[in-house]
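Look for chain A in each of the two complexes below; its partner is chain B in the first and chain C in the second.
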Partner chain A sequence: MKKNLIASAVAATLLAAPFAASAGEAELLARIDKMAAEQEQLKAELKASLQKTAVIEQKQQELASAAAPAIAAATTPAPSAAIAASGPTTIIGGYGEINYNRPSKNASAAQTDVRRAVIGIEHRFDDKTKLVSEFEWEHAIASATDSGESAIEQLYVERQFGNGLRGKAGLFLIPAGLLNTNHEPTAYYGVERNFVETAIIPSTWREAGVGLSGDTDSGLAWDAGITTGFDLGKWDAASSDGRESPLGAIHQEGQLAKSRDLSVHGALNWRGVPGLLLGGSLFSGKVGHKTEGYTANDARVTMYDLHARYTPGLWDLAGVYARGQISNTAALNLTLVGNPTPVPKAFAGWYLQAAYQAYKADDYVLSPFVRYEQYNTAKSYEALPQGLGVAPQADEKVTTVGANLKVGEGVVLKADYQKFKEDKTRDRLNLGVGFSY
Partner chain B sequence: MRYRLCLPLAAGLACLPAYAVQYLSVEQVQKLAYPDATAYRAQDVALSLAQMQQVEKLAGLPARSVNWRVFGAYNGDKLLGYLVLDDVIGKFELISYAVALNPDASIRQVEILAYRESHGSEIRLPAWRRQFAGKSASTGGLTLGGGIANISGATLSASHLTDGVRRIAAIAQLVLKP
Partner chain C sequence: MTAVLLALTACSGGSGSTSTSPVTPAPGQETSLSEAAKLGELIFKDGSLSASGTQSCASCHDPAAAHAPNNNLAAQFGGANGDVQGFRAAPSLRYLNQTPAFFFAADGTPTGGFDRDGRAASLAIQGERPFLAPHEMANASKQDVVDKLKKTAYVERFRTQFGAGILDDAEQAFNRMTLALQAYQKESPEFHPFDSKYDLFLAGKVKLSDQELRGLALFNDPAKGNCIACHPSARGTDGASPLFTDFTYDNLGVPRNFKLKANANPAYFDLGLCGPDRTDLLDRNDLCGAFKVPTLRNVATRQAFFHNGAFDNLTSVVSFYVRRDTNPEEWYPIGADGNVQKFNDLPQQYRKNVNVSEVPYNRHPGMAPALSPGEIDDVVKFLGTLTDGYKLNP
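Our next item is the complex of A and B:
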């Protein structure tokens, strides 16, 4: 290394020689002095960076060797030493997915999208307090002239209390369904997230507020919280957003969220039998926020779900039922007559999914899956005078068949085909790559 | 690859203690695993290269470490079994656990000493941990999805802990079993 530096210094000097000669010997000497000084500086920098590398390598080795905590030669077992294994204080994680969709009846609408890229940072302040954050970009570019989005997906502090309870405050995920709190592409089957947990449960669904969680030895885990809720004032009856996802159209996502009316939620999950998860959740809150002159100040969103997942052996079976209601919307809908998308009274959906780990070799795991789902974002409307109402939608039924190929723990390649019963123009082939670390 | 940034590392300082729910101390695990034990003797294991290769073959996993923290549990002079202490990484952070083994190298029980992440602490559930009891490297049934049921929402923790236990079962089979 040192030799290389000297060689290049000499070469540089030689190259510079013709100019130096014409410029005089004194100048040449000055140049050599300058180069020598630069070389000294480079040497010092190299030494410093080598030292830094050594420290990092040493730390990495410590971590890699599972950081076997120094349990002082086992003669004096020091439990506190075992527990206080030095761990990281700040962890960077992330996930992302890049998807390709090709409608089978309209190939010209085929699209490729950097669906999302997320950077997560967790920071531990002390042994009981930490910050969890997730920063997301959707659709590759977010600017005034692009359709991408940049969002804070999670930003909360969590504190563990002595009695096993955990409290959190900030912007956090609502524990509804199976996917919302577990939404990394490596965690679910299929290129796209299922419809029930995007159109009915508006994942990734987060609210700002406070929450408390706990669990018991019998396998029961519970969550409860008070958070911001939805803002019905955002409903745009002229657009189709509300038809794609009623709650997705009025969520506030922690952005200057109207908070006159707060919402409450609760969830129970039971894992008393290995491989089995049974659970449900409820979320409810008013959505009018006592807005002056607003016709739906008594409107309330109530969303509940029941979910189950069973993983016997190589099988992975899952099912979710979710139903949402928006009450007291008749007067509001009367003002929206003539628009294509009034506020629905009820929206609901369910799916059943079966996956099987068919092939495993080295780092590759291939799991074919099939999912059948049925959902309706406008199952019913509150009664309007004859001739003014909009007819409820028919249930959409989607069958998805495909496979996930996991490469190691962090990478997944996906392919599937989706067949729609109602709107057959939506039939499509999907390909995707996702990662999570 | 996971990036672990240890902020104090940059300053050359030791890291802060881990975010941990400490469920059990080593003494508590010792009492829990062998209530009849009158003495525990440190019997730490240092694997030879050949042994590490055998462990890898038997467990289907790299042996990872040469040195293993092992206690022999005794009632008087009678060997009741062994207790092996280890840590595996869940998603980001270490799970501290102990495997109690019978003298014939079959698993007696698995206990979690500390779990540090927000999600996945379901591996502590007694019903889930009971799946390991009675199994050994020779009986098999110590892989996730092959004898040990997965925990949805805690796949990484469940999978890494299962791998850790399988590795210890292999070490016990090769080194501890008389």
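Our next item is the complex of A and C:
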């Protein structure tokens, strides 16, 4: 029985890791976090057992190779032999959300939108090599005369090495904050993604390049990589895009991305205590790409965050602090004087969020939550001659109160109200339905 | 990830990014021209191809005046005796190589095209009219032009380039002449040198003076000059140098210029897109009075402004933009009824087409103009940085 328990736990953990980006759900994540910690204990026990008998050692090898097919739910006990025996597999997943926003002071601006529909295809070539892809449509219709977008959100291959490291190459998500790599509607509270992780961290933030990941026995997971970065040449000081999200306005998303300057990133996430996740990330790269005659070739984007999530009992507590900087923009901003949106020197934000599983019946789970966030997409600018600069923005403070009603494992109904401290015209009621499978 | 909707800017929807790939040879660098372009240059500067025997393209598009007229006449004179006045102020030929052929953008905004009404689809087509127009080079026919070409010193080079029998077919030969002119204008860096002080400023090689910087800020500020609404000043997202035009059209209600002889006829109105020169949009009443937004590069070298040459100095032009609606009496005559005849170069029924909604036009008498006299001077000073041929440490 103990062997079965070990097998289940290890298999579940191994299954959870590659599928984390699409498994979604807050509760599931919480459980995975707990299980990750439990797994560490079990690993230790397993090690001890392995030293004792060759039979168990053989078993352990089978389990190690069972990392492959990641289709079953993370909690489903997976017979190790069956997994080990499986060949190439292709898994189709997906998620989507349809949202309704009603500004409380301007009901005529109420809007309903098929925010996104995503199809994910994961193909496992063998037990060590897989392809992850995600294809997305936003705003229902993408055509030359419509507002929608069609995008490839992820497209990378990942290989597990013998030493436990994982390498990947292609277009992949930058491991920043809590939401970027877990952005399915079932994975976060509130109809809309939080502002800190959209306006400051430009979720869904992906770059093309190579990355390496690994874990330590102490529950520490790390990521590092070299990728494409941002293109400051895309900055349009006459539009408001840069004010909504500085990095969102200059991201390249793997589309003919300028690559003269590459960026580096690193992330650490520690799950050493059951239910607790502590982490941080750093991303940095120049963004001028040696463009001829460009005044900001030395400009650099640096983005970092600290995040925490704690899921004791029925509680789900989370917090993120993120700060971005764009350096060496004074000369560029001088050429843009008078425009409403010069390039900011710094932008930052943080939030705290608490959710509580208040009601559970059958497969319905109701979790009210409250989130308070402060963010500022233009916290400061580099100095300009007297009278020509733009004043830094005030921090926007947003309180979101609402609830997620989960139906089964893959469907969520959401409702919340958002109150803005600075721009009160943005106060709004949001309703949404989302799914993930 | 939110889809970005292009915010429609001024000129009834000209969008922001309008520059395309720049042709930016290093200043002073002579790019070798194709033989067709070299022939185009010879034709461009050859006065013998006109009825008067003295007028060439360069007469009205003087290379020394940024390929625009070197005088302050409302319209240039042409014809066999050089005494026939034209109908519009000749534009500069600089920076036209990236102009697209005329089209209606997805939102209906008229865009692109050559001539002030966009009726020519290319530089080559644009080059046809001056040879034949009675008020310009005034040749009787294409055959007439080709006959003159046959007498030039470079006719053998023309034959070598375009075929031994090319001159036997006047239509074809004339077509090649205009293609050669187009090649010259597209290939020769003198038409698009991108070597103004502003270009060097964008490249971080020179600083603007305090007044020029203030002028740039006012030019860009959507609440002040808002000039960038039609005259983008920033590099394109592809890094292209700004052209200071978004290729759209606008109806500014420019005062009638009685220095134009054609305007002596009270029934004559130059309505731009809807005629009379352009004939395919005659029924688009909503477009009557709209003219193409020109580049502002080299604007400080001009001595006649707008399609009808109603202004002869840049300060007045900038003043007109910001004071047209706050102080219309400064620009339009007083009618017999004692009222200011605002927008008097348009028939009454088309005056509603004039742009009165955007900054800086969105005002009425009694309000303060968008720019003070000092600020107008600042903008004019800035516009001076758009003149080609700036020399570092002159």
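Throughout what follows, the second predicted complex is superposed on the first by the 351 of 437 C-alpha atoms of A that agree within 3 Å, B and C clash if a C-alpha of one lies under 4 Å from a C-alpha of the other, contacts with A are read in each partner's own complex, and residues count from 1 in each chain.
The working rule: a contact is a pair of C-beta atoms (placed from the backbone, for glycine too) under 8 Å apart; a residue touches a chain by one contact, two chains touch by 3 or more.
Computed from a predicted structure; not experimentally measured.
In the superposition on chain A, contact is made by A:160 with chain B only, not with chain C. The partner that reaches more residues of chain A, of the two candidates chain B and chain C, is B. In the superposition on chain A, A:358 makes contact with neither chain B nor chain C. When the two complexes are overlaid on their common chain A, residue A:90 makes contact with chain B while staying clear of chain C.
By the touch criterion defined above, A:394 reaches neither chain B nor chain C.
Once chain A of one complex is fitted onto chain A of the other, the partner contacts of A:339 are limited to chain C, with no touch recorded for chain B. Listed in rising order, the residues of chain B touching chain A in the complex are 1-9, 12, 14-22, 25-28, 40, 42, 44, 64-65, 67, 69, 71, 85-89, 91-94, 96, 113-114, 116, 118-119, 121-122, 125-128, 130-131, 145-146, 148-153, 155-156, 159.
Considering their complex, residues 116, 138-139, 144-145, 147-149, 151, 198, 202-204, 233-234, 236-241, 244, 248, 291-295, 331, 334-340, 385, 387-388 of chain A touch chain C.
Contact residues of chain A toward chain B in the complex are 55-56, 59, 63, 65-69, 71, 73-75, 77-80, 82-93, 122, 124, 126-130, 132, 158, 160, 164, 166, 178, 181-182, 187, 215, 217, 219, 221, 271-277, 309, 311-314, 316, 318, 357, 409, 437.
Per the touch definition, chain C reaches chain A in the complex via residues 1-5, 7, 9, 16-17, 24, 106, 199, 201-204, 208, 210, 213-214, 216-222, 224-225, 228, 232, 234-235, 237-239, 241.
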